[in-house]
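Each in structure tokens, the structures are laid out below.
What follows is a pair of complexes built around subunit A, which joins subunit B in one and subunit C in the other.
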Partner chain A sequence: MLLDSYDTEDLFDEMFDGGREVRPHYQLLRERLDTMSREELDQKIKNLETLFIRQGITFTVYGDQRGTERVFPFDPIPRIIPADEWQIIEDGLVQRITALNLFLYDVYHERKILRDKVIPEEVVLSAAHYRPEFVDVDVPRDIYIHICGTDLIRDRDGSYLVLEDNGRCPSGVSYVLENRMAMKRVFPNLFGSAGVRSVDSYAADLLGTLQYIAPHAKPDPVCVLLTPGHYNSAYFEHSFLARQMGIEIVEGRDLIVVDGYVYMRTTRGLLQVDVIYRRIDDDFLDPKVFRKDSMLGVPGLVEAVQRGNVALANAIGTGVADDKVTYAYVEKMIKYYLDQDPILKQVPTFLAWDEKDRGYILDHLPELVVKAANESGGYGMLIGPKASKEEIEKFRQLIIANPRNYIAQPVVYFSRHPTLTDGTVEGRHVDLRPFVLSGERTHILPGGLTRVALKKGSIVVNSSQGGGSKDTWVLHPPRK
Partner chain B sequence: MKLRAHHRTEYLYSQPARSNSNEIRLQPPHTPWQSRSFWLLKVLPATPLRHYVDLHRNGVHHFEIGEPHSRLVIDATSTVITLNRYADGEPAGIPFSALETCREDAEVTLYQKDSRYVRIDPAIWRAAIDVKGESDDVYLTAKAIGEHLYDTCRYVSGITTVNTTSTEFFQNRHGVCQDFTHLMLAMCRAMDIPARYVSGYLYDHRRGSLRGAHQSHAWVEVHLPGHGWFGLDPTNRRPVDDHYVTLASGRDYDDASPVKGSFMGSGSRVMNVTVSVEEL
Partner chain C sequence: MLSRVADNLYWMARSIERAENLARLMQASTELLLDSETLGSRYLNDYWDPILIATAMEEHFRELYPNGTAADVGPFVTLNEENPHSITMCLRDARESARTVRDQISDEMWTELNDLFLFITSRATNSLFQRAPQNVYDRIIQGSLLFHGITDATLARTEGWQFIQLGKYLERADKTSRFLDIRVHGGPDGTSLDSIQWTSILRSASAFGTYRIEVGGEPTAEGVIDLLVFSMDFPRSIRFCVREIDHLLHRISGSPAGTYCNTAEREAGRLLATLNFNGNGEILERGLHDYMDDVQKVLNTIGQSIFETYVLLPQDQLRLTFIPSSEQQQLRWQVLQQQQQQQ
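Take a look at the complex of A and B:
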């Protein structure tokens, strides 16, 4: 019915295999979708939209003259990941985050990996987010990235590849939780006995992670979430997570540093804060140390962190690990610190910083995807095959002027997934952002955010650039 | 059984340590009754790891931290799927005469001799003879030795050290799993039964009912010609089934200890170890 005329166009599709047969883990979903009429489905989609607007699940698009808050578009056909595939993802992510955290420790301490020339020293020291202020500063439990959102895509043969690590302030987890809640309300019949793993424990696991890093292992620490405020694109998420964890959401002006300790202003006076889940970039955290014009930060906060009186999640300076040039070396890090081969592969990367690679990049711009090393959210990117001559020229000049800031990769493939469009179902490209928590142990939320490029043929899945999302189901292992 | 183990060893040094060199035997090997699906070793301060395979086919990881440091953390996580070695019953029925071939097998006869902590002295030999009695069954004799130790020795920590020999434990009879294992090895070897030391984890499904479940554990494996190695746990009077995760084996603790190292430094050292095993 709904899916009868669906065409995979011979691309790797999540739901259908090469012979256009439905994959076994989608069989139950297909049967259930087939029992629904288009009218019924349309009605349910209306219900979903109302639900999202009422919940206030919105984001803001920067650089848009209308400056509007929008509802994050949602596609009701869920993406399903079977247990054995998920196990590989989970193992690979645990391995990767462990290596990244060891790398950050090393970079801010003995720098063995640089001295052993496994990674060129200048790559790290020239990274925009490297923070020399934190050399030889110990962070609680030696963990730097507590919350990581790692973007995965699937290659033409279906294997999962890491596209990038987001180890600063990754966002999107609130959509995972809200999408699931909405799906359960509107499509209870789809879940039935499908064996979908719950995502309910995320807030508790996140709070547990924050409490674990309290300075001096203090019991019952005071944790807060620091937001830039309600103009920020992810403000909805900040308030959502604070509410779910039952902790205060604060802005910079709500905190004050006295004698190297951080306090929150409350109606009953000052209350000492032990752990800050900060959703503000390093640059804006403390006008005394980083950007002087920051109105969002807390003067003196950096000193309080250096003295070990307050813990930040994520730690300051993690940007050196998710820099797109550093990315090219993560497989070497895994080998170096863990003596293992990477479980998840990544995309081959050319570094404009390297003279030989740069020559190749400049000669092949129309075939490559060029990314700025320190941008995220799909900004500062050139997709060679789809770019105009002027755009290519502009990037050529940018790369020559500042080679350290650019990398290039072959055009990667994104798998497709059946997605509702006006009146029909068509394949749209998707990625996956699982969320990894590193505390006493490493928790990985089963699933993560599946982002879908709603424009036909597009591979830009970012919400700011016309992407939507899907509920992501990780299945329990089949019972023996 | 699918088991996940987390083993964390932390050393705190009162004065900074230097040239800290360590060998780690914490990687569960693949055996016919155990497969490893995930394994990760994390060392802080961050340092490059290397590995090799030793004489006893253990996967060994090693590293050295040259710079002064006041803390060392060795954190291993593993997920294994275990099968019950005794699913088809106990391997009884093998006579002592079958052991004669072992002398010619270099890989087996290694485990019939004295080693650093396992000494076949006359008193131990006599005790083993008494337990064996008239039996001509290798497996049942080894099992009886284990049960005899369970009945006659007391499980007490803090009396013995990592350097206690089988002879010392034989005399005072108070010790931990390592001592039970060393003495059982000595008694088995006195009877010519090839026996090796195994270090690993024990999953305690009824929390608190088993000894050695919240630390690294040790037990004995005996070699039965034509059948291979079978595990017996004298500390708990149990055959080694799918509740056990093997990490390393050898002649005694010296070959199979999970973490072994040396450092330069003048101060004292405190060690904290936590082991947790859960069923997935």
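Take a look at the complex of A and C:
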């Protein structure tokens, strides 16, 4: 039996409790796994990989001359979340996204929260992604972050903590949908009567969200997905989502701005575009306003947005809300705007920007995780307990040179999950990225991307750094 | 439909059709060589030159293999990734084009094309090619035919389909005309070829079986020209392809048959009329090479005009504040920007 020699090593494990008993919501899975031999499982995994390669479900590894495409490693043992736990996550995420959107509106309008000194003004105004061009510009329905991917981890006692909010161009949702498709095809008998909630509605909900923000509430708006191009690591996802929604996937050169309106070039001439789901960073959107050397953008796009002739999802300037320094204040935001206690806690954060915190950080580097405020993908990060002396010194200098750009957190304990390794099943650290859509109402995809650090002991789950993923099952509430 | 999408669909189809035709040409030529062992080594060395010329690869070949021999031609045309026109590179182009328009084609089309690409770039194929090149060519031909068949069975007959067909037929007409030309290149006409060589040309165009049924007897210049240039029914004849092109162009623009609203339509209509009213007499009188040369020129004009009419971006979009100095730098810069980290 695959799980017989499994050892939780006294860490919080998703499948087994402290007494090494299987948790109730994993019972059925365990029984099904026990009926499978290792050979059978290996064969199925091979089938899965062939399926992914044939369908081109791959991401591109950068820094590789030939632009090698790799399959995002997939672990077939699903992560299961019971209905009551999911309810807490869902409530917490709705609360959080509501506060973040109110915060963004406030920052770009009255700035009440800054005037009331709940958040220091300089933190916001010095954020790399703060966009003064959008002060006093209204965006449709006052929504800034329409698509958010919030990373959650579990503390030692199993409570969910927010690790970061990704409110610019979060990626990964296509893997959620493809993983589910693959699991159904290769492990149909694992599902059985497990009562797993479907993830099929995501594309329809996303399209609904985009249509909701059409300028002047235009009926039947033309929506497009703007991609940096097929060299981008997430290109597969861009084309996958466009196909699922039945909208065009466009590159910057397919769009043109005439008299403040955006059009796409078609074989039949120009066609007006109302909503753009953009997967390009602010910096590259419009060479007339942001980076002059951008070859991906559309000259004049920002003006079209400012004039309210086209809507962007996510809006320009949301990076100020998912800045890792701003992160430290989200709990205060929730209190300030909603007068509620945060449902989901977050990781204690020290700000190098603050003199007292900085002193603490510099004194405790070997114990802390240091992160650059605006990086993603697991880059620009120091994991103190695992770093060499040289790396620690390098970060010390970086922090001193540019304190605004760094934060530090105590090492957090990701939960572990049984994961197939060469020859056996072992515990590997996992996180969870649920996807939140804010439109007419807030949709949370029941599931999300469970990323797993495949290297033993590692807590870096990013695909670019040796991470894989699991199908994530959110269960229907048990029938009364 | 987005102009860029139309362009990519067109080139996807052209590239895969090109790979298929190259594979068939190589297959037929290798077989012909086996029948011609008595011809002597001088002939052997000259044997591949016309093939390299007809496929526009001669210059690259001399560059990569300054002392190249007949044995180098097969790997060069088939698998070499430094030869931008090799079969592998055609399939790479086809797949890249397909990748950028995946949302517009069926899953089955993508999977087949991706499979074929994974096959041609695999290490196993490399060693298979050393042992049994014919098996590799078989797989390429089969893959392309399968792709076209899947397209036929799974794709709606909308504009995208029309651009795919345009790419396919333009490439096919061009290649048929080049195959006819290969053995007569440099000679005064086609009459001096023997029936073995005509057979090889027929095989290159997958037409040998049809020839036996429709014409019969030992292949002759007149018979081959009738089938490969003028047949109304054989799907690889030039006339058949041009008729399809003419029809597709009118479907796309909506202008009535017999009229034209752009250069592509005018040139296609004119070429079709010529083919409708000419016969093998005109070709043999003028010389096969000259006649085919003219056909290829018109096909090029049609391709160019399709691009100008439906794809070309107005100049204003290209006016950037930042202009990279060389094309290579531009490409590198673009790749770098596209690779921005996603959250």
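As a working rule, the second predicted complex is superposed on the first by the 475 of 480 C-alpha atoms of A that agree within 3 Å, B and C clash if a C-alpha of one lies under 4 Å from a C-alpha of the other, contacts with A are read in each partner's own complex, and residues count from 1 in each chain.
The definition used in the following text is that a contact is a pair of C-beta atoms (placed from the backbone, for glycine too) under 8 Å apart; a residue touches a chain by one contact, two chains touch by 3 or more.
Just so it is clear, the model here is predicted, and its values are computed rather than measured.
J.: Considering only touches as defined above, state whether A:159 meets subunit B (first), subunit C (second), both or neither.
T.: In the superposed model, A:159 contacts neither subunit B nor subunit C.
J.: Subunit A residues in contact: does subunit B have more, or subunit C?
T.: Per-residue touch count on subunit A favours C.
J.: Pick one for A:43: touches subunit B only (first), subunit C only (second), both, or neither.
T.: In the superposition, A:43 contacts neither subunit B nor subunit C.
J.: So in the superposed three-chain picture, is A:168 touching just subunit B, just subunit C, both, or none of them (first/second/both/neither)?
T.: A:168 contacts subunit C only, not subunit B.
J.: Looking at A:338 after the superposition, I want to know if it touches subunit B, subunit C, both of them or none. Which is it: first, second, both, neither?
T.: first
J.: After the superposition on A, what does A:109 contact: first (subunit B), second (subunit C), both or neither?
T.: A:109: touches subunit B, not subunit C.
J.: Per the contact definition in the header, classify A:201: touching subunit B only (first), subunit C only (second), both, or neither.
T.: neither
J.: Can you list the residues on subunit C that touch subunit A in the complex?
T.: 1-6, 96, 99-100, 102-103, 107, 110-111, 114-115, 118, 159, 252, 310-311, 313-314, 316-317, 320-322, 330, 333-335, 337-343
J.: Which stretch or stretches of subunit A touch subunit B in the complex?
T.: 87, 91, 94-95, 98, 102-103, 105-106, 109-110, 112-113, 116, 142, 336-340, 441
J.: Taking the touch rule as given, give the residues of subunit B at its contact with subunit A in the complex, in rising order.
T.: 6, 37-38, 40-51, 61, 67, 73, 77
J.: Inside the complex, what are the residues of subunit A that reach subunit C?
T.: Touch list, subunit A to subunit C: 53-56, 60, 62, 67, 149, 166, 168-171, 228-235, 239-240, 242-243, 248-251, 253-254, 256, 264-268, 279-281, 284, 287-288, 292-296, 322, 375-377, 379.
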